[in-house]
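As structure tokens, the structure follows; a few thoughts come after it.
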Amino acid sequence: MLKEDELKKGPNLYTPFLGTTTGSWRLLRPVLDRARCNNCLACWLFCPEGCFEREERAVTLNLDFCKGCGICVAECPRQALALVEEGSDDARLLER
Amino acid sequence: MLKEDELKKGPNLYTPFLGTTTGSWRLLRPVLDRARCNNCLACWLFCPEGCFEREERAVTLNLDFCKGCGICVAECPRQALALVEEGSDDARLLER
Amino acid sequence: MLQIRWHGRGGQGAVTAARIFGLAAALYAGWYAQSFPSFGTERRGAPVTAFTRLDDRPIRDRSQIYNPDYIVVLDATLLETTDVFAGLAPGGIVLINSSREVAGGRIPAGVRLHYLDATHLAREVLEVPIVNTAMVGALAGVSGLLPAEAVTRAIADVLPEGLADKNAAVARRAYELAGEGTGKPGAAYHDSRPV
Amino acid sequence: MLQIRWHGRGGQGAVTAARIFGLAAALYAGWYAQSFPSFGTERRGAPVTAFTRLDDRPIRDRSQIYNPDYIVVLDATLLETTDVFAGLAPGGIVLINSSREVAGGRIPAGVRLHYLDATHLAREVLEVPIVNTAMVGALAGVSGLLPAEAVTRAIADVLPEGLADKNAAVARRAYELAGEGTGKPGAAYHDSRPV
Amino acid sequence: MRAYLNGNEAVATAVRLARAEVVAAYPITPQSTIVEKIAEYIADGSMAADYIRVESEHAALAACYGAAVTGTRVFTATSSQGLAYMFEMLHYVSGCRVPLVMAVTNRGLAAPWTIWADHQDAIACRDTGWIQLYVETAQEALDTCLQAYKIAAHPEVLTPVMVCLDGYVLSHTEEIVDVPDQEAVDVFLPPYRPEYAVDPARPIVFGIGAGPELYPAFKHYQHQAMLRAREIIEDVDREFAALFGRSYGGLVDPYYCDGAEVVLVLMGATAGTAREVVDDLRRRGEQVGLLRLRSFRPFPVAALRSVLAGTKVVAVLDRDCSFGYEGVLATEIKAALQGANVPGTPEVAGFTGGLGGSDIRPEDLAGIFRRCLEAVRRRDRGESPAVSGGCSENGKAEGINLWLS
Amino acid sequence: MRAYLNGNEAVATAVRLARAEVVAAYPITPQSTIVEKIAEYIADGSMAADYIRVESEHAALAACYGAAVTGTRVFTATSSQGLAYMFEMLHYVSGCRVPLVMAVTNRGLAAPWTIWADHQDAIACRDTGWIQLYVETAQEALDTCLQAYKIAAHPEVLTPVMVCLDGYVLSHTEEIVDVPDQEAVDVFLPPYRPEYAVDPARPIVFGIGAGPELYPAFKHYQHQAMLRAREIIEDVDREFAALFGRSYGGLVDPYYCDGAEVVLVLMGATAGTAREVVDDLRRRGEQVGLLRLRSFRPFPVAALRSVLAGTKVVAVLDRDCSFGYEGVLATEIKAALQGANVPGTPEVAGFTGGLGGSDIRPEDLAGIFRRCLEAVRRRDRGESPAVSGGCSENGKAEGINLWLS
Amino acid sequence: MVKLKELPGNELVQGSYACAGCGGILAVRMALKVLGPETVIVTTPSCLLGVTTFYPQLAFKVPCVNVTFPSTAAAISGVVAGLRRRGKSGVKVVGLAGDGGTVDIGLQALSGAIERGDNFIFICYDNEAYMNTGVQRSGSTPPGARTTTTPVGRAGRGEDRPKKDMLAIVAAHNIPYAATASIGYPQDYLTKVQKAMETEGPAYVQVLAPCPPGWGYSSHLTVKLARLAVQTGQWPLAEYEGGRLTVKEVANPRPLNEYLALQARFAHLLASK
Amino acid sequence: MVKLKELPGNELVQGSYACAGCGGILAVRMALKVLGPETVIVTTPSCLLGVTTFYPQLAFKVPCVNVTFPSTAAAISGVVAGLRRRGKSGVKVVGLAGDGGTVDIGLQALSGAIERGDNFIFICYDNEAYMNTGVQRSGSTPPGARTTTTPVGRAGRGEDRPKKDMLAIVAAHNIPYAATASIGYPQDYLTKVQKAMETEGPAYVQVLAPCPPGWGYSSHLTVKLARLAVQTGQWPLAEYEGGRLTVKEVANPRPLNEYLALQARFAHLLASK
């Protein structure tokens, strides 16, 4: 909760402020095969959540904000990305 | 003043309703020389107050609403209209 | 308190006249003053009124003026369609821009009438028949409420530079004519009839 | 009064489930009922909740539900990010769509857990993994609050014609599985652990 | 017919039953599902009406006004920002005495942005010359819309009506609703054919200009009509009851107020929760009651006075705030109780809460009652201070979500 | 400098002296001459500001808001329909705690169409979270605009201010005004540089969304700031007096209220006329007084109570009407006087008049006093009825232009 | 092609409080000759509303629905729908608004109504400023013009933005019919109104309507200026029909100064030369 | 021409609550890559505002000025003037609005701001309906589309009016730069944003931004649909510059059904055939 001091100045707050990541929304998970990536940057451009980072030879994928929309997978021209069921077989429930 | 009955129904009134003519606004008065009129209807068209009536051979002029703008005089191609000072020499004050 | 009502037509400058008179009184003649137009939009040609109040103490009354002490008529044709004398205080003074006397029928008893052929004067000095400043000068003269100086200085304050000088001249001339009080048509004069 | 909280994700139909359950109870099972979504806009994928209240007298309380008697979880992955057990009334019943048991850590004491692999069931009958009607049927069965008939009629009222029949079938099957109470994963069963 | 509907669906149903002919509306949460349902009725042929898909709420109300002056029955609905954006038109149509009906799904106003319920949106429009009826249930929403058409078009009223329902808490909450038969509604509500309508054969100017000598007269009669509406609202409610067997008390809806020491006054759906609390406290022997205000405009001064006369403390719950004064209901009820001819001078304690969707729980209401009952005890013992000095002057913040003004 | 200005010119002069940097406004009678004068100042180089020529009032206030969050001093002005059309934005900017200053040249609201003065426009906006100061003279208009900038931007207030002046009666009436020196104003009003401003180096979201758990907190503090403004308004008026030698009493401006049996409460320019009437009646030995309310929001409950405590009858003159209740001032003053801790329970008699430019003459005010004094006599004799039952319930039309509610 | 001689003689607006020589009221009076008595006017605050529908002077002989300033076209949609519901198909709904009420505050509503495809005519009488409130600039004020909000001074040279091209804007809505006209060319103007009347769906006519006090000229010049604006190329007569825009060419354009010199609002432009 | 490889890598919006696969947030994220950190966003109620600036999730890394729904462009004018007064010339003011906030309720303000010639960019992310409130039709909804206010039934066949041609409308304002774009063609889109940025004065970009729940398709198809719309001729890529409109031709247009068939909002059109 905000402090009294902040509340008194009105609903104008410093940004960004992220109460949560959105990775938890994901039902499907993109899996990157870096070896296939030719660094065309399609995923980097098209991911609505900005989950990819450009690196020297291939992109990397950070799932903190990934919602599993599947766009990166659909747009990757080299099939370097695949979509798997998140927590399939309730995996994550058991894992942790 | 309106009647209670009318006031109770809101500010929606039958039209036209003219509390006054606007001839009294006039400082200049158009004078029509019907003999010169060739019925081209310029005045009839251009008078903002609708003071002219079309007749068989020439227009007629009714000054009830004439404000003396002078447009009819300016637009008459036959100089059938002239503008004179209304109440010049305080004429009307003396006349009546 | 003294109350003045100005009658004119939209575009003739009655509102400005009321203001010039008030300003002259307030800033250059030691009065407290208040001026205001008839409230509303004035269309060209339609009758309009404006008002000035003078007093020797601050003016706080904000109501309309119903019983003026002075009435100034910028355009004599208004006499036909408007009851310019309405509510005139007993013994009130009326100043009309006209080259001749107004027929008596509609003039209430006890009124003192003054005339100035301001149109003529304005045509002469300004080259246009704009009479408001002349009438301001005339009222100053006839009423004795303000010195001519106050009026001309007020005109300089209110009117744009290009117009101020000539209008000041017209006002001063009207003021002087009032002082002459000749009673002749064509000049400011006191009505001789016993009213 | 009995209070039910439904957990799902935007797009999974938790809100519709709450409504179907309420409607079934209200129109076909003699209850008074009330149902409402978690207030707000649901984005696809974001966790959402919905609520149903049942009572045998008119329901007048309009406040939110803080202590549900029943909790229905349409999507087991929510257990990871949401405290689905929050406020559960003592002795409360939780029904989870899952093919296997949930690890014990986060489960409060005194809770009765039921599972249904609704995803599997829905895939079988509906050919899509939409589980809300299955879970409605399951809750009806597990809780014994409503007869299967009430649920299927409510589904016919709420869902568009093309979808109603299959969903009614799914709900009925889930209802029956609950009745079987086999305790086997893949069916509705009562948790055997002493909690 | 017994149905399971939420408040918005109940409103849409009423509009269909009322045979509204022109509907113009703009989407806004949590109103939108009303007009979506109406669009559906029109699309499936179960309602014969024109739906004007306007580009804003200001336009929505202007379009409704245009349609209404042609002599058709008209409907619109909105909420919050949309109602605020209509504000100029609100005054206009009431001034023109156009008997529109509008549903307002109450929601708080930005900033900050909210989509959740409070009454600030409609309360802030209380001077616009609209009748405002606040409902408690989906059933009442339906029934009140039907009543509203009758009240608005009554020849002695000719005033538009807002039917206000709490966002989400009513609008999106399903419950059992008895849907009346079309035939019965047709009897209750004959077609709308006003005396004045757009007609080249008898030309009228709608919305003339009026100078200082005339303007006050129109406003005077507009006010008088609104005052007269107090009786018409009661009459229509009675007539409705006779036909449909349901009544809402007309202007006010008292619950256990007889002999109550503390009466809680509020509007809208919270009344339901409050009934539970009152029942509970009564069971414990506390002399408490609830007064639900149904008609906020016209403001039922006499009805309030007669109910609240013997009360010791009147607790008022406002889901709104007139910033720099206090909750609006509190102010208006105090005013109604001020003066020598109100016996006993009850103390009025204003509470503001439930803003922007903040939940009002039974325990919140119980807390209000408890504090007021304590004040009654103190008062009975001749002690002070009471619940409050009676107005915001003493208004130290008590809490952030529910404060005593 | 002694000048001869009307109310609108006085406002424009103040805005120039305050060194407003951005002005966005839309024309409307009788406001327009304020911004025309400002446009002139900018064109002749005597004022360094951007004038945004917007396409509507809603846009005007949105543009002002946009400019204000960049950290500039901003001005706008409007009236009547224009104010109503801004309504959504009014709530918004106050909710965002943007310290704008706006002049409102008061005028009635359509329908029927009017261009003449009453207070309906601003009064109907009393819940918008704006401070509202009503002025009596052109001088006060000028001085109050300067004060307004200081009040609005005070770090404990951060709330926009409306300076309300009666249309025509003040806006178009010339009188003597003392125009302060720029240097003195610069001392009183240093440049506006707020803590929060648009700056990519420290990015801020202005006007966030807030859920039910957060929204009430913002509203709570907004309300608290407005209550706190009561003291700030007084402080600023005192500070202004120290520098410029003129004071307006801060929140209220009492005139011969000490020991008065009847006090007339009103707002705006009519106070001047009322002073004449009070003087006159006092000369005749009547115990009457005048209380001019200067701050309508925040509503000065304590100040009103302390002035009106010993009064027998409080006459209230409303140039507005909350249709279906009564004049708004009457309601709010009754509320302030309600409750056990107001000694004597004065009777409040509400009069509504002066709508749509209807003139308020000295004799009208004298008539109000006369009727109230008669009621005092009756009250002293223990007779009834008094002036009124105290509210609109007894409100039979007394007259069309001035009625007792 | 409208035949002037055959137009009905009775006036459908008369007795208004417009200034002597008002181009706006003239534009309306002319249009009503073509529109005839089966017309409903919808109008908003403007000189027109002020001078025709203020009690005790109600000057229209056809029904008139006044509405708030931003809402002409929205109210039109309502009237159209209502009349349709009431089965009154023969009545034409005609919006009348000034340029401010059209190109500024009324633009959005107009855009919405055109988009909805309602059957109506919208006539904008363009006097190139907000006249009713005292000659403030509007989006339709031509560059250089002095108004009370675009004053002339050390730092101000009158209006500094081009005139909003409203014809192009409505054309961009793919409106069935739109045109500009001038009261100086009544044959052309009235023929356009006639076409608008015959159009199924929305039609728009923007007619130049000089204003003596607003522009600063003597009232008898109203029609002359309306002609000069066309002759000097300041006001092209254009028509948008069937998706095509045609602009009437001005054979021998007259020097712009002829037009400017007659108007006080442009005086500073000439003075500075 | 924007070089993708050279665009800055850091995200200026991240963590929003948009639906998975939201074309709108993608459009904004992309644009910010070109606009960079010296940007001020002005935005209004819409999915965008709802998913980026609701506490406790504030997703922008640049200043963001939220304003009421009708007022994006009016607030822009204020921010522009204020920044000018504060001497902050390097900061670009960028309006972001949905189609409803652009072509309907926000049109008038936008028209005013363009007319004033303020220096700003206005990006309309066009998802062809009011999504934030639950998929009601807007002026930008294409004909035939089913929305919650253009339902399909015995008497309803979805939206029955053409899409408002907003590019033509802003072009009619003689705006210095305007373009349509699609998130399916990022090179083209971002180059246009770049041009808008380099424009002195107002610039407008309307970018097609599919919406999975609103259009009724599976989220991974967002970019594909944005491409198909162009390839089937439903969404022409156009540019208005220096007073000239150019439309990129589609070499071998694909059959419309390919586009329609993927979307539930058009299902009734195909079913009925």
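Per-chain numbering from 1; labels A, B, C, D, E, F, G and H assigned in written order.
As a working rule, contacts are C-beta pairs under 8 Å (C-beta built on N, C-alpha and C of every residue); 3 or more make two chains touch, one makes a residue touch a chain.
The structure displayed is predicted, hence computed values, not measured ones.
*Asks:* If each hop has to land on a touching chain, what is the smallest number of hops from chain B to chain H?
*Replies:* Minimum number of steps from chain B to chain H: 2.
*Asks:* Which chains does chain A share as contact partners with chain F?
*Replies:* Chains that touch both chain A and chain F, as defined above, are E, H.
*Asks:* Moving only from a chain to one it touches, give the least number of moves from chain F to chain G.
*Replies:* Counted as steps through touching chains, the separation is 1.
*Asks:* By raw count of C-beta pairs in contact, what's the busiest chain pair here?
*Replies:* E-F
*Asks:* What chain is the most remote from chain B, judged by the mean position of CA atoms in each chain?
*Replies:* Result for max centroid distance from chain B is chain D.
*Asks:* Taking the mean of the CA coordinates per chain, how far is chain B from chain D in Å?
*Replies:* Their C-alpha centroids are separated by 81 Å.
*Asks:* Could you state the distance in Å from the CA-based centre of chain A to that of chain H?
*Replies:* Going by mean C-alpha positions, chain A sits 23 Å from chain H.
*Asks:* Report the inter-chain centroid distance for chain D and chain E in whole angstrom, where each centroid is the mean of the CA atoms.
*Replies:* Centres of chain D and chain E (C-alpha means) sit 36 Å apart.
*Asks:* Between chain B and chain F, what is the gap in Å from one C-alpha centre to the other?
*Replies:* Averaging C-alpha atoms per chain gives centres 46 Å apart.
*Asks:* Give me the residue numbers in chain C that touch at least two other chains, ranges are fine.
*Replies:* Residues 39-41, 45-46 of chain C each touch two or more of the other chains.
*Asks:* Of all the residues in chain F, which ones touch at least 2 other chains?
*Replies:* In chain F, the residues touching two or more other chains are 29, 53, 55-56, 58, 69, 81, 85, 88, 92, 95-96, 110-113, 116, 203-214, 217-218, 220, 222, 224, 357, 359.
*Asks:* Residues of chain A touching 2+ other chains?
*Replies:* 2, 10-11, 13-16, 22, 25-26, 67-68
*Asks:* Under the stated touch criterion, can you name all the chain pairs that qualify?
*Replies:* The complete list of chain pairs in contact reads A-D, A-E, A-F, A-H, B-C, B-E, B-F, B-G, C-F, C-G, D-E, D-H, E-F, E-G, E-H, F-G, F-H, G-H.
*Asks:* Could you list, by residue number, the parts of chain E that touch chain A in their complex?
*Replies:* Going through chain E, the ones touching chain A are 111-113.
*Asks:* Residue numbers of chain A touching chain F in their complex, please.
*Replies:* 1-2, 4, 7-16
*Asks:* Along chain F, where are the residues that touch chain G in the complex?
*Replies:* Residues 26-29, 32-33, 35-36, 39-40, 42-45, 51, 53, 55-56, 81, 85, 110-113 of chain F touch chain G in their complex.
*Asks:* Which of the residues in chain B end up touching chain C in this complex?
*Replies:* 22, 24-27, 67-68, 86-87, 89-90, 92-94, 96
*Asks:* Could you please specify the touching residues of chain H with respect to chain G in the complex?
*Replies:* Those residues of chain H that touch chain G are 104-105, 107-108, 111-112, 115-117, 139, 161-162, 164-165, 168-169, 171-174.
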